[in-house]
């Protein structure tokens, strides 16, 4: 009998594009090892610094990957299951940045709350590795695994504040609904597999191009289920029910990661599947995404108004932002994809910054997230209030912030795809949403602080993180061209894979 | 003779039962079990399609689904245990601190 | 849909290759019947054997009244249990309470179905000719036979668990939780040590595994002994036999998970326990000692196989009894430590060493060097593990409530 | 033969599933789930997925449901749930209606559509010609360690997460905190 | 100074000042105001230089500066000034130092001055931008400083007013953004060229769009500007915002910010959508007239002096809209002139009301009586400014209103007649208010009210001077405006392919003729 290993035909593996993933996941495992060996002797900031270093390492290793893509063009590896293109590089960089910033924010937070430090960072990095997998996945099963890695870690992160009942409640809610959604996603994958005979997105696209499967019931049902599953991850209405509760209950740094990282990964997967895989049958899914976008915009903006908890407000606003991004997805054009990527980058910065501020303001126990706790922040901590204001205005889409260009790009894509009414509705929703950001600004600047408000301590980590995102927001607001170019490059490669089997 | 459609319809039925169960039951543990039902339906679908398509990919997918199911259950039960330690005998209805 | 699927549902046997007629069905039924009967009788003898042996080792006589050497003692006990009143505790969950014994018993029977008890493996795959039809001397040879063993041993947990729970009583519940934790834990070590065998034989079919081992070239040597030791220990734990019989630690738990059981239901548990011992021994023989393989010393080809199998089986049954007679019971934390901190890492490491040996062979490297390097790596990892364990212990002492880090 | 097996197993599967949904006692629900899983495993055999049938039992019945039972027993949450109370009026009816609608729709889709083009990989071996090799195990392994090797490696991350997660979640708070918390809860 | 650099300097000088103020240490708060005044005064001086250096006979853009900004999206840094924007720039440069000098913030002086200067940058940017996106950016960014000025330094109801102001204006501009993108993208698609937001290029290809499309897009622009102007019925934010804003805020709001809307209507409405403008002119015209009458009637009924002035703004801006949508040289010129006049007179009125409020801490007309006795100088200045607002011949208001009515008379004779009634109503409510506040015998509270101090006099002097000067000798302004307005009219005619009526040769039946013209377009659309 032949030796077992000799029988398998090992597929060609390009190692370079995998290095960022290996760095991220490897850093998590090494951290786990180090902590279990010498945990008690490490300084408290060690895990955070390690995570920041890992994130920066991913950023550094993403550069050669990007160069390689520029030279070779987009290609895939490991039997076509991994797509190497600028799109994935963009998302990888975004996720790495998110990890770095979240680690900075979490540093002071975990010490304040007395939570398990290293575990938090390990889960964070592993989750990000899952998100990166989603971004590169050219195979539906790989994509699903990436999604699960991402989600499972986040379920734990959400629930890990053991002293807060809200945290665990959020965790179980997120978990149950998340598992429900992944079941739908999986069923969708199975149906698509049945309809096309393949799990590989490149193959699926080829099949759809050659055979007219646009009216195949299996394919339609499969796409619908995939949309349910991914719509859940990106918190699109009507799959948004978890968002406010989870955002409110989860530890604030986790929320910043969820809003930025999880959403980005979710949209990356959405684009990969629907734009790269099902691009040929865009007519079938566009109307549905249109509906999701409108519903998300409307519900997100409207329901936010009646909330009194800042985290809840921002949760609804994240739903509204998801609606905006879906406007770009709905366009189903290259411009649309670029606009989505740009929006994701801009939103990541704003969301991380906003939740960083909330992390600082909420105080011991992570309890002070009511809008009252922000009252008079301008008088207590002018710089923090100013930074938060910049981020909120960016979320509202005020010029000279990154948020403006994000909306600009998305609306451009929609108008270019002749979805005028969608664009109008989106902008109207933006105005409604602006109201709720103003409520927060009003509380910070126009209300007097409570007389017995404790003095806020701003740890160094969150301060650095907020400074970075505010600078990013303003810099991109004034000169968005570099990021725009990156996003434009990223879209070009998405559909031009050279399959290597 | 049993055709693939029979299996697929059985899977669809199982999936529906799981989904409905998850929506109507309030005990988190039973909700998890309903998720498992749904995943099983998916597995059956995968295997049926795999055989119809004469492709091993369906079975390999099921393998991954099993791994995911196991990992999910571990995490989910860990959360349930943590909740129960604080508040014994909680059902989904008792978890209502988060409202808005 | 292809039509030729029917027979493969339950197993694969050269018997079915030419199609299934009445003769094939009858032969199959015969094999099932024989296996069933043999097992029942074997259990009876095993109980007697164990009692007798232990009493010998403890310098007492043991059963000696019923039949010659007390050989019918078990039968007498069985009849007595059968006619006793069947008690069901008031607090119990009646349905589950009644179901549990069968959940224990059925898997024990099923496992035996995949054990090749005989056959001519000298050069062939153990086919024998029965009534003019070629077949195996095992009830079924599914392509994933050894997984069936694992599956059934994991299903066996249910019997224990549900029996304890459904009794509606405190001690059985504790015992069953303990037992199921133990069984689930040791299943990992069991599976990993088994993987070493699979690596060498390249098949999950029990028949193939036996066929891969020739007369003397048993997996015991091929896998360098360690996996078998691990398997044996893990199997003992899996069987809840001494020294791992914490399930029925009388001092702590009255009578274990079946405290509330009486009469025939109790007998079923008892039956399952000993049947499991026998089948597990048979599995070890199959996996590591070449099953029916052995030098042919009879004229009838397949008879020597049967004999060899029986001899090897007795060896292990004796070993199990011996263990029970000599070793004191483990403490619960010792048990868990042994499983998680020693057996699992060791079996995993051993698997990797074996794999590196194979890979080195395939690639044309120096095998010895590969193994030495692998062992060095293993040693380093073991050192790290030891360090981590020490750190964890220190932390536990500092903060008894904390988790890790 | 296949038809008979299918009908029996389908009945078991559906009965088990209904048992999960309708059982008032979590332990009974878990047992029903086991029933479904066994039915499933046999259906897998019917579809020639031997390996998965075994794995289904080992992983699902042997690990997952055991874990469920473990938690149920450990936490003592095996009290009966009162199913007669509907938390949100009409929720159940609605859920059932939606479920039925989905099911009918799904069946309609299934019946109306064709299965896609067949893939290049050979799955079915003829038992009469390939007696020794009659197992798709080798093919699964082949694909698992080549085409799906990334996914396979990724499961490592998944398992690490579940271990770390379980440890994190089962960490106990310092005793003083706990006392404080429970006092606050009451 | 290099001609092309002057505009960026004008735009960003206040921002530099704001940055400088931000860096001043809290201990040296006494230098805050001098720095702010100096910066805004320097900017004002630059705008005056700009006016002097402006080539009067040229109807095109001068001092233009162009640079690629976001090449991939066709967005550029493109600024320039022509006769239409020139005086609005000068007005901005003029009013800001006055407003800053005139009023001191009660608290948080540093933030106050920063926001004021940022606001100035925004306003100047709006008037000077020649790229649609650039314009939009400035147009939107103006909201933020104004929001904070109203919200932080305003009166009792300030939070409500600030939020209302912000949301109303943002609502309009949100739709404008969609329209703007549609314009650029669809034009690019029609012409086959690259996407550009350059105003001049878009105007040159203005005829390319299908008529219906252009009309929709025009509507989106018009709505944004209508909110900003504000045109009835989207004016409701204005009384609240004006009333609640601090004095300087009201001055800037009335003097400069409202002009963003009317300026936008001219620059982006008429210039980019000639056909659509003419198509919708009757609508806007009508709304303008309604605004005149409504503003006047409601103003008559106000008890709050500041609110009264605010409503008078609604009426005045109705006039401006009326002028613009007459779409002839006289009307547009009158509208432009009236923008400046309104900025001066209403700005001055708000200042005066603010002075009174500082002394009396009330804005209720009923609580003031006989102020003339106590503060004669104040009363005198108030009289001049009020009469300017009424449109008394010899003061600046008259010239603008006359031109508007002349233009409107040609376009829609009967509406012009109705609008003229608005002038009479304006006289009615302002004089009545004057009578109630300044005449009569002062009670104790009012008797001791101090008169204007030297600082306030200094502030009012240039305003009064300009009011008189422009009323007597508006030629320098008109001669600079006229070429640009003519160029605009010509551009519109060129795009539409018609000859539009002018005052001279169209004495009778202009209504019918316009209808014919419209019928003519209709035919053109047909093929």
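Note that the chains are named A, B, C, D and E in the order they appear, and that numbering of residues resets to 1 at the start of each chain.
Methods note: a residue touches a chain if its C-beta (ideal position, glycine included) is under 8 Å from a C-beta of that chain, and two chains touch if they have at least 3 such contacts.
These figures come from a predicted structure and were not determined experimentally.
Engineer: Please find the path from subunit A to subunit C through touching chains that uses the fewest steps, and give that number.
Structural biologist: Minimal hop count between subunit A and subunit C: 1.
Engineer: Which chains are shared contacts of subunit A and subunit D?
Structural biologist: B, C
Engineer: Counting only C-beta pairs in contact, which chains form the busiest pair?
Structural biologist: Highest contact count belongs to chains B-D.
Engineer: Where centres are the averaged C-alpha coordinates, which chain has the largest centre distance to subunit D?
Structural biologist: E
Engineer: Give me the ID of the chain with the smallest distance between its Cα centroid and the all-protein Cα centroid.
Structural biologist: Smallest centre-to-centre distance to the global C-alpha mean: chain A.
Engineer: Could you pull out the chain whose C-alpha mean position is farthest off from that of subunit C?
Structural biologist: When every chain centre is compared against subunit C, the largest gap points to E.
Engineer: Using CA atom averages as chain centres, what separation in Å is found between subunit A and subunit B?
Structural biologist: 25
Engineer: Mind checking the centre-to-centre distance between subunit B and subunit D? Centres are C-alpha means, answer in whole Å.
Structural biologist: About 5 Å, centre to centre.
Engineer: Report the inter-centroid distance (CA atoms only) between subunit A and subunit E in whole Å.
Structural biologist: 44
Engineer: Based only on mean CA positions, could you tell me how far subunit C sits from subunit E in angstrom?
Structural biologist: Computed value for the inter-centroid distance: 92 Å.
Engineer: Can you list the subunit A residues in contact with two or more other chains?
Structural biologist: 4, 116, 119, 141, 145, 148, 152, 155-156, 159, 162, 165, 193-194, 197-198
Engineer: At least two partner chains per residue is the criterion; list those residues in subunit C.
Structural biologist: Touching at least two other chains: 1, 403-404.
Engineer: Do you know which subunit D residues sit against two or more other chains?
Structural biologist: Only 2, 46, 48, 51, 55, 63, 74, 106, 110, 115-119, 124, 142, 148, 151, 155, 158, 161-162, 165, 167-174, 181, 185 qualify.
Engineer: What does subunit C use to touch subunit A in their complex?
Structural biologist: Residue list for subunit C touching subunit A: 199, 202, 212, 358-359, 361-362, 384, 387-388, 391-392, 394-395, 398, 403-405.
Engineer: Residue numbers of subunit D touching subunit B in their complex, please.
Structural biologist: Interface residues on the subunit D side: 2-3, 6, 10, 13-14, 17-18, 20-21, 23, 26, 29-30, 33, 36-37, 40, 43-44, 46-49, 51-52, 55-56, 59-60, 63-64, 67-68, 71-72, 74-77, 79, 81, 87, 91-92, 95-96, 98-100, 102-103, 106-107, 110-111, 115-124, 136, 139-140, 142-144, 148, 151, 155, 158-159, 161-163, 165-166, 168-170, 172, 181-182, 185.
Engineer: Report the residues of subunit D in contact with subunit C in the complex, numbered from low to high.
Structural biologist: So the residues of subunit D in touch with subunit C come to 1-2, 5, 25, 27-28, 31, 34, 42, 45-46, 48, 50-51, 53-55, 57-58, 61-63, 66, 69-70, 73-74, 78, 124, 126-128, 131-132, 134-135, 137, 167-168, 170-175.
Engineer: Show which residues of subunit C lie in contact with subunit D when the two form their complex.
Structural biologist: The contact residues of subunit C facing subunit D are 1-2, 4-10, 12, 14, 16-17, 93, 95-96, 99, 125, 142-144, 147-148, 150-151, 154-155, 157-158, 161-162, 165-166, 173, 176-177, 180-181, 184, 187, 203-205, 208, 399, 401-404.
Engineer: Subunit A touches which residues of subunit B in the complex?
Structural biologist: It is residues 8, 15, 18-19, 22, 28, 31-32, 35, 38-39, 41-42, 45-46, 48-49, 52-53, 55, 57-58, 60-61, 64-65, 68, 71-72, 75-76, 78-80, 82-83, 86-87, 92, 95-98, 100 of subunit B that touch subunit A.
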